[in-house]
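Letters A, B and C name the chains as they come in the text, with residue numbers starting at 1 for each one.
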Amino acid sequence: MATTTTTASESLRRAGRGSLAGARIREAGWGYLFVLLPMAVFGLFFIYPLVYGIYISFFEWGILGKVHGVGTANYHTIFHDSVFRRSIKNIVEYTVVVVPLEMALGLLIALVINAKIRGRAFFRSSFYFPSLVSSAAITAIFIYLLNADGLLNAIIGGNRAWFGDPSTALWAIVGLNAWTTAGTVMLFYLAALQSISTDVYEAAAVDGTGTWRTFWRITFPLLKPAHFFVLVVFGIGALKLFDQSFIVSSGTGGPVYSTYTPVLYIYNTAFKSAEFGPAAAAGVVMFVAIFLLTLFQRATVGRSEAG
Amino acid sequence: MRRAFAVSAALLSLALLTLVVVASGAQARSEHAQATTITLSGWSAGKVEDDLLQTMVNDFNKTHPAIHVDYSVINGDYATAMTARFAARNAPDVFYVDSSVAPTWVKQGVLQPLNSYIKASKFDTSKFYPGLLNAFKFGKSIYGFPKDWSPLATEINVKMFRQAGIRTAPRTWAQLAADAKKLAASGVLPAGAKPICLPPDWARMLAFIYQNKGSLANVQSPAVAAAVNFYVGLVKQGLAATQQQLGVGWPGEALGKEKAAIVFEGNWLLPYMHDTFPQVLMGVSPMVKGKVNGNLGFTVSYSMAKDSKNKAAAWTLLSWLTGKVGMTKWMSLGLALPSRTDVKAIGGRKAFLAAGPFSHGWGFPNFTATYTIMSNDLQAVMNGSMTTAQMLSDVAKSLKG
Amino acid sequence: MLQTSVAANEAYVPPRSRRRVAGRLIVYGVLIAVALLYFVPFAYTLSTSFKTLPQTAYFNLIPHPFTTAAWTSVWKDYDFKRYALNSLFLAVTVTLINLFLASLGGYAFARLRFPGREVLFLLVLGTLMIPDQLRLIPVFVMLTNWHLIGNFSGYILISMVSAVNLFFMRQYFLTIPKDFEEAAKLDGAGFFKTFWRVMLPLAGPAIAALAILQFQGTWNDFFWPLILFGQGSEHLYTIQLGLAQLSFTYQTLWPQLMAGSILALLPILVIFLVFQRFFVAGVTAAGIKG
């Protein structure tokens, strides 16, 4: 690991390239240049729609545009809508369970595969397989397997319709998504594991550190940037759950509201009821909540060492 | 630096290639510059149907040289795709509108009222079944003509009925309950099967409500409550089960896998059973009757975009497709039922057509929010965690918007 | 191989080694069992593609009768060759552009200093939090007004770089020791050269991971292609749009859909097998050891 903490500009200056101020300006210039195109794409196709959405949330807004201003009425409407409130409860429960599950599974598989075992390529491919098959096909297969007389019940007994029972439908989706996403999480952790230099492990081996301690005291902390990444990306992904809940409940968010998610609420309100005002308000609420959560994650896990 | 240039060059060529693709797209459009070009869109109900419609469009193009129709299917989420097109003022000229979404789209002002065209062309709207036409009529304005439809009917597993000693399909509520009890007691049902498969769906239960002289205009009336209790009662007595309880995706699958002997589905069940479960002998009989006959008309209209730039041409197409000539062609493969009284269906559809006079179009105000409440609450009522009165109160509130 | 090494050490076997062997066997056993389980959806997909439609109602792995009708139907009735070419073009284009822009931007956020960097990065993260459904209409209206609908250009434009990719590259660059850059600077390399010649090659595993994921993401993308060019232009269909033709309201042509899904799956499987080798670079033995 680097022991000096020089900035790029200082290095430039040391290399004899003019004044520090000039070097800093040059560095900033290149920095802006490098991020120009990405920020343009993000600005146009993400930030602008978000700002537009915030604007819309203060109006009654139909397919063809503005109807009239309503102030904060849309926000009142959605917070008094028991369906929206239920969707928030559902998604929080879902996320809190599915994200640690995905992280743990993905990390575990990555560690196992990264070890010196035979047939690594085979295992890598097979654990990644569910992510390759299209989401619609996997959901259909899972629905089939978790039927009242499907394979799962054949193995563990019982007659429960996993996706049709209000108390298990959401957890069945947790299982489905954890299983398919673990492969993707594995890829990210695998890549991150490659960046840990072997010296670290050799040093640990020389010290006689056991496997568990090596993992917990050395590997795990070194993976912090990856943890932050996985937590943020897959946490946000979980909070945006839509596809599986839509397929499983045919868009009704059932059984008995148990699979109703906030994004499903936005979708139904905007594209089925053509009420863009409340839909935008719900979108803004989601955005703010996720943003605050991410800030919190950044302050705890994500303290960056950006040069 | 050389490699950087190479990469930039590669990206530039990709961009140029993209431009070529764009340009070729633009080229294709200008080919039909002489005739007025209009677009026709709908969702897909199968390759056979799509091909039939394309054939009809080709016929139309030949007989109407001044108009060229481009027919394109929208696979995937139709409502979302159309909403985006409406918002961008880029909608097709003529397109499908489902009766359930018609109230919303009319309220949003994206559908063209047709009254002036009807008057000018002296188009005879009396040939459409009133219940179906009313699904697209709001106030005095008509926003589309039903292109086809289907009501519900009673479909039974003939083999099981014979084995249980029941001669005919049930025609009344009393017979329905009696037949179900007989089937359950007779032992002809395989393990895990139930006599009837009843979905927790107002798109089926509402027919029973109409049969009990109830309606959505007065949802909290005793007539409605009694109908709901009958429907849910069948499940609670063990004479019926939902598709989830039977481990299938919908009642049609239950009938096919012989997990139920009686279901209530529309014309769409026939090709499904024929293709997927050809070995199951199915009998089709008119929908059961309560105090009166009552049924739902699931129908789709051809409508015109308010923003269409070629309304006259669009009208010509629309009125042709839903006129006697066009609809007869559409009925030729027996994939749908005619919504006009002067067009014949192919054989074997008597059980469905009989319901024409008393079918109510499937659709109501504030559709999506209300239907969500209907579905979720009915599931709760069926598993005992909610009362009928509570559900009806929720629905009544939602219908008011 | 395990057995020979044990036999060779037979004379010196300390008690620990036997446990090591047993432990290894258990691990392998579990791994193989789990891996086989992971193959179940693929096996099911494959077997369904050889069934007739009536047969798909039943869950048996061996089709009875075994028929290739679905495969010929998929190839003949639907233009899957064309769909595959379209998907390939889009996936390659979007992946290449993404890899370049994401690594460039990620490097800047990780190692270059410029005012407002942290705010801009939060903005980047912010884009992840906006559901597609929320931004659909503004984006669609924008692209329609610029005539970028009904062809690939609009889709490529909005897919040029994704926040996930940029974020990941940034995280990865953060873990690379600064010595490399400093050495490059001392050698007189400018910013772009440092990035191109020094940092990018060091980011091999990350690039490989992103290549796999972005290719697959674009390949499997359904929503945006449907909305942006998937209406009425069958010659522009991607494989996913092509597959969507096989399900309708009351019926799904399961055998054809499964056959088509396997066709759709093969290219991304190839990409995965090719790029997953880059995960071998450098490291040994983390995790399980005896």
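Keep in mind that, in the parts below, contacts are C-beta pairs under 8 Å (C-beta built on N, C-alpha and C of every residue); 3 or more make two chains touch, one makes a residue touch a chain.
What you are looking at is a predicted structure, and each value in this text was computed from that prediction instead of being measured.
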item	value
Far-end chain from chain C, centres as C-alpha averages	B
Winner on C-beta contact pairs when A-C is weighed against B-C	A-C
Chain centre separation (chain B, chain C; CA means) in Å	37
Distance between the centres, which are taken as Cα means, of chain C and chain A, whole angstrom	15
Multi-chain contact sites of chain A, meaning residues that touch two or more partners	150, 267, 270-271
Junction residues of chain C, two or more chains touched	137, 192, 222
Chain B residues counted as touching two or more neighbouring chains	77, 80, 83, 87
Of all residues in chain B, those that touch chain C in their complex	1, 3-4, 7, 10-11, 14, 18-19, 21-22, 25, 39, 41, 43-47, 70, 72-77, 80-81, 83-85, 87-90, 92, 250, 252-253, 256-257, 268-269, 271-272, 275-279
Chain A contact footprint on chain C (complex, rising order)	1, 27-28, 31, 34-36, 38-39, 41-42, 44-45, 59, 101-102, 104-105, 107-115, 117, 120, 122-131, 133-135, 137-139, 142, 157-158, 160-161, 163-164, 166-168, 170-172, 174-179, 181-182, 185-186, 188, 191-192, 195, 204-206, 208-209, 212-213, 216, 220, 222, 240, 243, 257-258, 261, 264-265, 268-269, 272-273, 276-277, 279-290
Of chain C, residues touching chain B in the complex	53-54, 56-57, 77, 93, 96-97, 100, 136-137, 140-141, 144-145, 148-153, 156, 192-193, 196, 222, 226-227, 230-234, 236, 241, 244-245, 248-251
Residue numbers on chain A that touch chain C, as the complex places them	1-2, 4-9, 11-12, 14-15, 24, 26-32, 34-35, 37-39, 41-42, 44-50, 52-53, 111-112, 114-118, 120-138, 141, 144, 150-151, 184, 187-188, 190-198, 201, 211, 214-215, 219, 222, 225-226, 228-229, 232-233, 236, 240, 242, 263, 266-267, 270-271, 276, 279-280, 283, 286-287, 290-291, 294-295, 304-307
Of chain B, residues touching chain A in the complex	77, 79-80, 83, 86-87, 101, 104-105, 107-110, 192, 200, 242-249, 366-369, 371-373, 375-377, 379-380, 383, 385
